[in-house]
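Should a chain be cited, it is by its letter among A, B, C and D, assigned in written order, with residues numbered from 1 in that chain.
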Amino acid sequence: MQHLLSMILFLPLLVAFTMGLLRVSIETLRMATFGSSLIVLLFAVVVAFYFHLDGGMQFVHNSPWISHYGINYSIGIDALSLLLLLLIALIMPLIFLAIWEEQRKGYFYNLLLLQTGVSGVVMAQDLILFYLFWESMLLPIFIMIGAYGYGMRHFNAMKIIIMTVLGSMSMLLAIIYLGYTHYATVGFWSFGLSDLTQLAFDSKTSILLAGAFLLAFAIKIPLFGFHTWMAPAYSSAPTAIVVVLSAIMAKLGVYGLYRFGFTLFEVPLGFYTPYVILLCLIGIVFYSIHAIMQRNLKRIFAFSSGAHLSLITLGLFMTNIYAWSGGMYLLATHAIASAGIFLMIGMLGRRTQDIQIAHLGGIASIAPRFAFFFAFFALAITGVPGTGGFVAELLIIIGAFKYHFWVGVVAATTMLGAILFIFWTLQRTLFGTTQEATKHFGDLSAIEIGILTPLVIILLVTGIFPSLLLDFLDASLSANLEAFKGGVK
Amino acid sequence: MEALLSLIVILPFLSATILGLSYLVDSKKNLSNTYYATIALTTPAIVTLLSFVLVFKMSTMPHDTPLYAHLFDWVKVGQLHIEMRFMLDRLSMIMIGFITFIGTLIHIYAVEYMQSDEGFGKFFAYFNFFLGSMLLLVVASNPIIMFIGWELVGLASYLLIGFYHKVSSNITAANKAFIVNRVGDFGFIVALGVLFIALEGQGFSFEAIEQGIGGLSHSTLSFVGALLFVGAMGKSAQIPLYVWLPDAMAGPTPVSALIHAATMVTAGVYMVARFGFLYNEIPHIGEFIAYIGAFSALIAALMASFERDIKKILAYSTMSQLGYMFIAVGLGAYGAGIFHLFTHAFFKALLFMGAGAVIIALHHEQDIFKMGNLRKVLPQTFIAMLIATLAITSIPPFAGFFSKEAIINHAFLSGHYTLWIIAMTTAFLTAYYMFRLIFVVFFAHSTKTYPHLIPLGKMIIYPLIVLAIGSATVGFLGIEHGFAHFVALPDRATPAPTHLLEYGLMGLNILVALGGIALAYRLFGTNPEPPKANIPIKALFIHKFYVDALYNRLFVDTLRSLSIFFDRVVDGAVIDGILGLLTGGYKDLGAKLASFQNGTVKTYATYVILSVSLMSLALIYLLEAQ
Amino acid sequence: MESIIFFILAFFLLSGAIMIVFSKESLYSAIGFLMVMIAMAGMFALLHHSFLFLAQILVGVGAVVVLSIMIILSINLKEENQPKQNITRKNILFTTLIIAPIAGLLLYAIAKAPFAFAPIAQHFGTIETMGKVLFTHWVLPFEIVSILLLGAMVGAIVLSRRRLHVES
Amino acid sequence: MLSPDKFLFVAVMMFAIGLIGLMLRRNLFVVYLSIELMLSSVNLILATFSRMHGEMDGGVVSLLMIAVIAAEAAIFLALIIYIYRITKSVDSQSITQLTHKRDEA
């Protein structure tokens, strides 16, 4: 029980190393990766089972690592981390199923490393450890885009890495400064989150430090103005990576803000709040309009992703319980919905070899199941009632109205934003008459339906019985919100 | 009782799910249409029975004790406590009564109508889903759940309007319907957000809101009221959000019947009536609503007068009749408004189903000027259509007379003479364009024959007969304001009319209607001419005031060019430009430095010597300084 | 007497150096180099380094200079293959400007320090004393230089014999 | 009476002339000889200091330097021949393999 989290964390890495050392065949590798991801899912479910709803940080494990500088291997989870952990554990097996036919081994190795990276980000309670995982998840993505991507893959891989590293460098500097300050004031080095929260800074320093963290997260999310890596990276990346980018990695930016930004910098974040809110609001409108004229399915849904992440970030910065619950809820449901839609774009791409919208159409008349699932996920992204997205958007909009009237009005445009492009996209993708590329479009196979059905069920359950998940988050969020509000005063 | 109420909502969704799953699983089309039709018809039939049981049980109870059915807590965050709880009061009772009844008739009709379509199962999945959504909307006990139903109705209409999805223009129509509806929903959700924050902590069910709004400022209430009405505009196709309605005719005819009679468009009126307590606090917003309604009624009537497509004529007539309802609810005559909604459901369903019968008999011909003399060929349809037309033109004793008269009289008695004049004009136009349709389709070209007519089945004819009887008789429910008293909505009082005035107004109404019929007969009785755009004002009417073109230019083109602008300029030039300056700076610097590395050993030697020389200078300086 | 010899040697030394740098023909530069080497040997002799004097004559003059002249003659540069030298005034000025500080620093150092010759000990600079020091304190450098020479020999052979493929 | 200054002065002048040659000339022979010149000047300085302090160590280093000069001569001359074979010239400008080429970047 003590080492459950560590096992979740390092099992994929271990599998990757073992398989790599043994130089196994592609079949073995495929089975091993899928098996390991299932085991991880099992462990994650066990963790969720033993998780106490109102217990704060749990499954904490602490062992010294580089003790001279106070860097510890320190992990633990609270409700939100657990939520993300479950998402990761759920989505990874589906990705492995979706790339079952893949012959390039690099896919599997990189995805295994990626899984360790993203899981580590969610669990890390030590800032250096966090940074380590934060950067390590970038590397497989860089390799995957560069090696297996499409289009201008080298340029786009460079673009994503340069932009995100720009942010993480600033964060690293801030982390080191924090550790040093702990050394200077308390007398020994420490990078533990709980230690660093005790530190006090003068307002100017703390605003700079908070800004450094914010930059890293803003680029990862990405907020408006830091987003130009997003669409190229999405369009160049292989499907598996797009799913991870959209469903998991972007969410980790928000998670980082929540875990580190809001814990370490209650006051200075107040300084940034108006600007961040402005960026989020611009983002909601901007991304939606931007998506209209895109010609590539991946790019369209990349922008849709951006709009929703802006909405989630907005919810986070409203700092009231409605918006926080809504934000976290959207985090989960959008992860599921976007995983679904990008997996389907992958399936579509395998069938047509082309995801330019102009070359598609008429799928609904020859592949009704595909059309049903695709339309379902697209509608789930627009936040149709009955899917989880609606609940989340409703909560965020209410939270935004509580914050300020005009913020609420702009936040409510998210209801309009998604439909502007998604319905047109559906029209040109699914409906109408078939074209050259879609003439022999095969309907979904049993495996593919098996991949997508869990996602559909989750979306429906979260939409119809939202209190299940909301109650799960409520205690943790309320406690953190109280702590945050206390810190501000 | 609670269980029955829950079942009314749950059953249609359940059967929609079963139908949808069957359709998806059955990829080889093994399941027969009978299988789908059985499930699809059983559900609304059961639901209708249940709702009748409830209606009879409820009508004996006092009107202020609604029936509640609590299912589960939907959301509980902070002060936001939303229960999935259904409420059945007199208003929702009337609504579920006619929604389920007329909905069932349309289902029966649709089984025959859609018989040969390959998407038969899918169609009924959508149909049941539509019905369920509408019922959810109606019985919701708080605005949030109502909004869910509201949205789902929009989704269902999207799916059904775009049912023939191989033709791209149908999907465009469906998109238009959904997007315009969402614009309205945007108003709705903003209103709900403001209202919730204003009432935070007092609960958010309709009862709680009714108790809580006393403490709110007048401006807040006006704002909320106006924005809620924006939602109603979208759903009920009022100016300026009506553009989706005529295009929505792209769907199969039963869909049009369902949208226009029993579901969807009635939602806006219902919602305003549901929030009647709120609008009573802000009569000036109510007047605004009434004016919007009046102008919608007039404009729609004008457009209908120049339309050639039989379904679009009916669509505009719906918009026009909805305008009447909004006049009523805007002026506080909620009972009258709902009564017109009720009667309208009967005759509009009948009109659409009749039109559908004509269309299907003529191999999907929709242009009325290609029809004529159908009176002899389709006698049952003709009779049914005639009854419905008489009802909509408010000729006594047909249903529309009672309800429309109540509205027009209310406008007159409450002193809104402008509204009254507009309403009378519209009544005249209504009679004109409806009888234009009747004359052109059933009377004109009395020698025309139809060799390839498709015979109509029983399942098409019987619902027509039932509805014809309904259209002829349900109006009597409204005698002496019986209906309004029964619904027990918070109507605003008007001065009681003298008997002379009352009979005078009634006579005027009938006269105006007869005048319209006479004009229609004069122009179209024997030898009709299709409308020609020979004078500018006519062209304006025929082209629907160019509103579609205007909206396209104003919104669609703007958004598209904005999107391209964002892509090329904001992202491409500005943001990447700034980034490019950063990275490009390094690149240029690198290029400059690279030119120092010219490959010539001598130059390198020079660098070394130059460095040594500089160091020497520094040393000399330091030594001297000592 | 020693001063006169010194000035004569210095004159040869510096004029040889100038000849190296400024003569157009490589052969004249080599002859300048010869002068420098011989003058250097004389300087060693003046400094009582008798063994160094010998070594300089043997190695410097006998081996290095002769080798250089031999190479120059064997290459036999034609006129058009001579590098086109443009010793402009600007070049000279630039060079002087750069080198002046270095020379200045060195001269400054010489001028500042009080230098004087210590009295000569017996057997200073003879083979015997040199050998004693060389094989006691300086054994390791000596051996390293041996290896260096060996390496240089191998290198020279490799470079001048095989024609390596070089991408143009 | 001789003083070390004079020897040192001569050595510095030699060194400076060597440097000038190194910078000014393109003929590889001259470059080589200039380098030799500079080495020799250092040799002279070493010998002068050795004499100045009456210690033999300077002289020993000077001796080793002579060996180095010989080694250097061997390598340098071999290189000159090598370059001459490739480029058919003894111009230092003709060796441009180290250039940063833009198109390959």
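Criterion: a contact is a pair of C-beta atoms (placed from the backbone, for glycine too) under 8 Å apart; a residue touches a chain by one contact, two chains touch by 3 or more.
Quick caveat: nothing in here was measured; it's all calculated off a predicted structure.
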Chain located farthest away, centre of chain A as origin (C-alpha): C
Mean-CA-position distance for chain C and chain B (Å): 102
Inter-chain centre distance, chain A versus chain D - centres from mean C-alpha coordinates, in Å: 65
Separation of chain A from chain B, taking each centre as the mean of its C-alpha atoms, in whole Å: 37
Centre distance in Å when chain A and chain C are each reduced to the mean of their C-alpha atoms: 71
Junction residues of chain B, two or more chains touched: 606, 609
Per-residue overlap in chain C, given as positions that touch at least 2 other chains: 98-99, 102
Per-residue overlap in chain A, given as positions that touch at least 2 other chains: none
Pairs of chains in contact (touch as defined earlier), listed by label: A-B, B-C, B-D, C-D
Residues of chain B touching chain A in the complex: 20, 23-24, 27, 72-78, 80, 122, 144, 147-148, 151-152, 155, 158, 162, 165-168, 171-172, 175, 178-179, 182-183, 185-186, 189-190, 193-194, 196-197, 200, 559-560, 562-564, 566-567, 570-571, 575-576, 579, 583
In the complex, chain D residues that touch chain B: 19, 22-23, 26, 31, 92-93, 95-100, 102, 105
Chain B - residues contacting chain C, complex: 606, 609-610, 612-614, 616-617, 619-620, 623
Residues on chain C engaged by chain B in the complex (per definition of touch): 98-102, 104-105, 108, 112
Footprint of chain D on chain B - complex, ascending: 591, 594-595, 597-602, 604-606, 609
